[in-house]
Amino acid sequence: MKLIVAYIQPERLNAVKQALYEKEIFRLSVMNALGCGQQKGYHESYRGSDIEVNLLKKVRLEVAINEEYLESTIDAIIQGARTGKIGDGKIFVLDLADCVRIRTGEKGKEAIGG
Amino acid sequence: MRKSVTLTVAFLCILAVFGLPVVSLADEAAAVTGADATFVANNTWMLVATFLVFLMHLGFASLEAGMTRAKNTVNILFKNTAIISIGILTYALVGFNLMYPCEFSLGQWFGFAGFGIGAGPEDMIIAEDGVGVYTYWTDFIFQAMFAATAATIVSGAVAERIKLHSFLLVTTLYVAFVYPWLGSWQWGEGWLDQMGFYDFAGSTLVHSVGGWAALAGVILLGPRLGKYVNGSIKPIMGHSMPLATIGVFLLWLGWFGFNGGSVLSADPVEVSFVFVTTAIAAASGVLGAMVLSWFIQKKPDLTMALNGALAGLVGITAGADVVSVTSAVIIGVIAGFLVVVSVIGLDRAKLDDPVGAISVHLTCGIWGTLAVGIFGGEEFSFITQLIGVVAYGVVAFVAALAIFGLVKATIGIRVSEEEELSGLDLGEHGMEAYSGFEIYTTQ
Amino acid sequence: MRKSVTLTVAFLCILAVFGLPVVSLADEAAAVTGADATFVANNTWMLVATFLVFLMHLGFASLEAGMTRAKNTVNILFKNTAIISIGILTYALVGFNLMYPCEFSLGQWFGFAGFGIGAGPEDMIIAEDGVGVYTYWTDFIFQAMFAATAATIVSGAVAERIKLHSFLLVTTLYVAFVYPWLGSWQWGEGWLDQMGFYDFAGSTLVHSVGGWAALAGVILLGPRLGKYVNGSIKPIMGHSMPLATIGVFLLWLGWFGFNGGSVLSADPVEVSFVFVTTAIAAASGVLGAMVLSWFIQKKPDLTMALNGALAGLVGITAGADVVSVTSAVIIGVIAGFLVVVSVIGLDRAKLDDPVGAISVHLTCGIWGTLAVGIFGGEEFSFITQLIGVVAYGVVAFVAALAIFGLVKATIGIRVSEEEELSGLDLGEHGMEAYSGFEIYTTQ
Amino acid sequence: MRKSVTLTVAFLCILAVFGLPVVSLADEAAAVTGADATFVANNTWMLVATFLVFLMHLGFASLEAGMTRAKNTVNILFKNTAIISIGILTYALVGFNLMYPCEFSLGQWFGFAGFGIGAGPEDMIIAEDGVGVYTYWTDFIFQAMFAATAATIVSGAVAERIKLHSFLLVTTLYVAFVYPWLGSWQWGEGWLDQMGFYDFAGSTLVHSVGGWAALAGVILLGPRLGKYVNGSIKPIMGHSMPLATIGVFLLWLGWFGFNGGSVLSADPVEVSFVFVTTAIAAASGVLGAMVLSWFIQKKPDLTMALNGALAGLVGITAGADVVSVTSAVIIGVIAGFLVVVSVIGLDRAKLDDPVGAISVHLTCGIWGTLAVGIFGGEEFSFITQLIGVVAYGVVAFVAALAIFGLVKATIGIRVSEEEELSGLDLGEHGMEAYSGFEIYTTQ
Amino acid sequence: MKLIVAYIQPERLNAVKQALYEKEIFRLSVMNALGCGQQKGYHESYRGSDIEVNLLKKVRLEVAINEEYLESTIDAIIQGARTGKIGDGKIFVLDLADCVRIRTGEKGKEAIGG
Amino acid sequence: MKLIVAYIQPERLNAVKQALYEKEIFRLSVMNALGCGQQKGYHESYRGSDIEVNLLKKVRLEVAINEEYLESTIDAIIQGARTGKIGDGKIFVLDLADCVRIRTGEKGKEAIGG
């Protein structure tokens, strides 16, 4: 089992969700994050002074999946999030030691999916 | 501030209102007539009405900000701050003399009394039957506060996607020329006034005129990204219901000046009667919208109740002084119904109006104007009211289409898709409305 | 708006107030007496007071929203929008004629002058000693704005857990029948008025009457989930101190109309004196609450200072026109103390009042009424004041208990535990107040 | 509230204003003169102006809160609630009699008429040329609302780093003694008044006097942590633009009372003319600041446009009644320019003023006062205006430095670095302004 | 060492904290998240149109623990969070390579606990 | 590859960013979190009652790095975040199975860095 953590542009979230749905991945979690990567930030201006904003607003996704979905999940995220511009984001893959569904107590592969 | 009040000569005039013996020794004091005093009271009321109408601009700013997304808030607030400024200045420069030309140069259709203000009667007093009702300055500033309203109405409808400088350009033209020119037809004693058309405080002259421009803008701009997807409507929720509510209460408050000041004197019976019909219609509008939206949507929708209050207020504006209390209830409830139906209907028609400005100001503005023909008594004709509605509708809509169209064809009116997604606050202003707050900007 | 002001005949009346020579040629103008003009000024002031009291409803809405959690904000705002609508409409339908029945049918205890409004004197003018003080319409609308206040007071105390439709039902009954009926005992010239009871602007008639109903509601509803756990008090913080502060300043502003309008004319000395005592008592209330809460809680609590202002205002309301400036200070400071003690005391007693409505309106309402007996001078008797407090207390509390109890027994008054946890905004309205904002909803 | 209006004797006085036949049977009514009625109208207007100035305190509270960080919001709101309370109470205790001593004891430099209020003329009426303009009570309460303003101006400039109790101490001393004493030089008919210095509503007496204290505070406190790092300016953004905008609109509204009330009567031409210049200057200030900031910063800055409105208002305050409409435009536009340049310049000089109080109130206060000498006509001398500006500047600044310095040397004025980082809301009050909201507190 | 990531209903947070305390687990971190799982979302309504909300508000917990606490921690979370209704949440278990206490520089097992 | 998760005091974020920059680590993600650790919380007070706040505001960092940067990253975070007081925070190190740059599709070591 893997836990996929992805940082994407906030406005691509809907497209990513759509792409995941098409691959039949319905479970995911979403968080707000600020990120600093290749994209160098932008400038705000306030009362005559320039503000360098280098922590940009990002959305952080977490998707726990079984091994066999790994490729298709990554593909779906890329498909939904890619615009070709700097700042499109990153995907990190972690090994997932275990997974428990709280409601039923099921563990492992069954818990992740359905 | 107090400069040189000499206390020693101050005790000559003793309040006699409640039966105290009166001693008026000073000759100057004795010379002050009841008419003079009435003039002071009249003018004071008109100035109170003026600042109430001023406050409506804060009402609009709050309502529009609250009903749109956090990422466009700075932009909305900026527009509303600019509008009141532009409104007052252009009205001083051309608007006032276009709206009240005294003499028309083109039939009863068009007149212009020259640039700038100050050319009033020598003593600056405007009187009726020998009793002063207000000063020239009061007249100007009260009207000036009205002028910007029409532009503010547009602001809400085109929010979250219009380019700032294009909007300011459109606004300036519309407020400086179209609104006062159209106003002259009726309040400037033009052809519609002669014909017997009646619009007490501006259901048509202010609200519909603003509403038509809003409609033109919405049509030419198109809906916000993500609002209508694959034929289904995806509501885009406003980001602050407290702001929206503050806005509506301030508008309601301001309306006491908008309608109450339109009596154009402090005539006790008239002004207080207008207060009553105004309050009753607003309350009835809330009731109507609340009940219908509860019925249709199963749950009571706050934004509909708030729009209901405004609907009732717009509805009563044309006839606040000539309809009965019972009629005010009916006008308000129907306005409340209409606004709900109109908001839902415009959405079905894919006309994206984030704050419901068209439904409130145009739909209910028309309703209110026609209602004078229905409930106003024998003096008023439904047909004349209809003629007025149509005449204003055609010209205002065409003028707005022309201005918006011209600007669209030249400098463009819509921000880039990218800017719309990240928000106009960053795009147009490089600023955030709620620095530090964590806000989902995914929508 | 300006309809037909003929400038040419306008210069006849020249302001003579400051020594200019006076020329009043027009016969009509000459016929206007000082009494007529005073009437215009009086009525204008009463209308200003009316819109100030109207604004208090925005004050209550803001304060209550700010002092509760973000997940219940839409619900609070909806209730306050509905209340002002219901208040005005029911007052027009029955309330006004129940409160001012002219003739009582049951001793000096009960009277009703029939449904609807409009049955005033022929010329709609209400005068005293031959000088008009306001019109029938002014009278109605000023009183109508008061009426809804009693219900709004309840709204804050029962917030975050009461079913919306049950609340609206209770409110409607209380505002339509209980408040005006009880009001008739004093302001309608009923038995308490005859007895010499004095309540200038409603410490008891408005605030305590609202406060008793709040207490009844709080008792029957029980505290919010998680407020009192294992015998300890877990404070539930309000979600927006700016909203709460805006609310209190608007209430304070409105009080200048609430008390200042209760003079029922623009009598310069009386109204201005009432302004002074009102402002002084509010300032003293802030001081009292600030000092005591700083002392007790070690840190200065903003919500206590804000409640202190309201405490001072409620406290001075019964005697604003009859106590001295020094007494106003004392009344205010003590009210400020009382509100702090009462908020903490009610919490100890496990009576959960999220906004402190009971402490502000009931505790300080009683204090203010009794204070007239202490500081008001010889004309006023402490015993009579006490009789009034008790009489109103017993009947208002029993009536409120009965209405709340009946509704509880039939359709229920409390939302489900699940709805309370996820918030009434989703449960009752299917809407969020701050769409897009990240908010911890774990509490 | 209505106590005992006897309807039966009420119909004697019929409104005659618009040509109705007049019948004044009652002797009392007949005895009411035009002068009496004018007095009622005058006093009513002054009370309206009073509550408008009161509302400015909510304006300041909102503006200051909006322009600073969320973690210091409770503190700002608390300060503003305390200030209005302290302002009113100390003004009653000493301020009023220090500012209007009637007789000076030290040349025309200092006088004090004793503690407490109430020692007015017997009938409490203040009249001019035999016509009542307002009551003693009105005079006091209108002036009292002004007094606290000077302190509020300081509050914004020293925000986010000053110890609460130190601030309250400084404020109390400044408002109780310095402001009224300096005020006596001009409005109390002291030496500057004698010399022909003119400051209609307080560009210098209120705004600069507040601004000098703000400057002194900012210098002695030093900038907020993280504002000036390694020689570069790191702007610290305000947390709520809606709050800031609400603040500015309320201040603008309040200014109609601030300037309009400073006419000290309801004189129709004067008050309405002041309304016009006030509104025009504010609109021009927005325009000036908008254009210049758009030009300098490339993007239009909302906070600059908002400050522009205030700049125009402060600028017109000294001469609102004596400059022409065209001059009002010029004064406003230049004030709008000045505020932008001043905000940027003070930042370069590392004087950290979070809300721009010094730029708005001091820079534009000086400008407005001098502008009277330029645009006010022959009666006014630029040199005299300059003398006034300098005299007030020197004394106010030195006094403020002394008070701030003394407090700094004794109990300290700045919170600990730790407290500043985590916010004064937790440090001083143990409370959060936005409980439940997720807010980045990293800045 | 393990890092436990759990998504629970916001209103269960207090109960979970309580349950963890009873098992003497005092250290945890909490974040807001939006989640999409078995629970199908609910409907809001705004101005006459229906909004399908399928990203529901969740709370995300992170608890770093030593191996021997794994079972009891999972049990405690389940105990506090379970209502038996869909939406109760999931627990994910990750291997924790190392842990450092910033204040002292301690590493590994000692750092996690005390 | 490693994924470093660190909880620090919010006001230390700037210092940590600075320290990371000096070690030439330019990529990181930041989130708000509430945390409960050794630091026992503090007291707020509201309307006369005492509130024990034991979930304190923290900032959560995520930094994905190649093995060779592990030590220097941890050092930098410690250097920026340490004040010596309780509440300074914790650093957790997770193994990172893979990493994908969305814009280019690059994987592994190349994706993490530049």
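Each chain gets a letter, A, B, C, D, E and F, in the order it is written, and its residues are counted from 1.
The criterion applied here is as follows: contacts are C-beta pairs under 8 Å (C-beta built on N, C-alpha and C of every residue); 3 or more make two chains touch, one makes a residue touch a chain.
Just so you know, these numbers come straight off a predicted model, no measurement behind them.
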Shared chain contacts [chain D and chain F, defined touch]:
A, C
Between chain B and chain E, tell me the centre distance in angstrom, where each centre is the average of that chain's C-alpha atoms.
52
Between chain C and chain D, the Cα-mean centres are separated in Å by 29
Let me have the rounded angstrom distance from the C-alpha centre of chain C over to the C-alpha centre of chain E, please.
47
Just give me the whole-number Å value for how far the CA centre of chain E lies from that of chain F.
18
List, in ascending order, every residue of chain C touching at least 2 other chains.
15, 17-19, 28, 32-41, 44, 48, 123, 125, 128-129, 131-132, 237, 240, 246, 267-269, 297, 299, 301, 303, 430-432, 434, 437-441
Listing for chain E: what residues touch at least two other chains?
30-32, 34, 44-46, 94-95
Set of all touching chain pairs, with the criterion as stated earlier
A-B, A-D, A-E, A-F, B-C, B-D, B-E, C-D, C-E, C-F, D-F, E-F
In the complex with chain C, residue positions of chain D that touch it:
1-7, 9-19, 21-22, 24-30, 32-41, 43-44, 47-48, 50-51, 54-55, 57-58, 61-62, 65, 73-74, 77-78, 80-82, 84-89, 92, 116-118, 123-125, 128-129, 131-132, 134-138, 140-141, 144, 164, 240, 243, 246, 265, 267-269, 428-438
Please output the residues of chain F touching chain A within their complex, sorted ascending.
3, 17, 26-32, 62, 64, 94-103, 105, 111-112, 114
If you look only at chain A, which of its residues touch chain F in the complex?
2, 5-8, 31-38, 55, 58, 60, 74, 77-78, 81-95
Can you name the residues of chain C that touch chain D in the complex?
15, 17-19, 28, 31-42, 44-45, 48, 52, 69-70, 100, 102, 121-123, 125-133, 139, 143, 146, 187, 189, 193, 199-202, 205, 237-242, 245-246, 248-250, 252-253, 256, 260, 262, 264, 266-269, 271-273, 275-276, 279-280, 282-284, 286-287, 290, 297, 299-303, 305-306, 309, 324-326, 329, 434, 437-441, 443
Considering the complex alone, what residue numbers of chain C touch chain E?
226, 421-422, 426, 430-432, 438-442
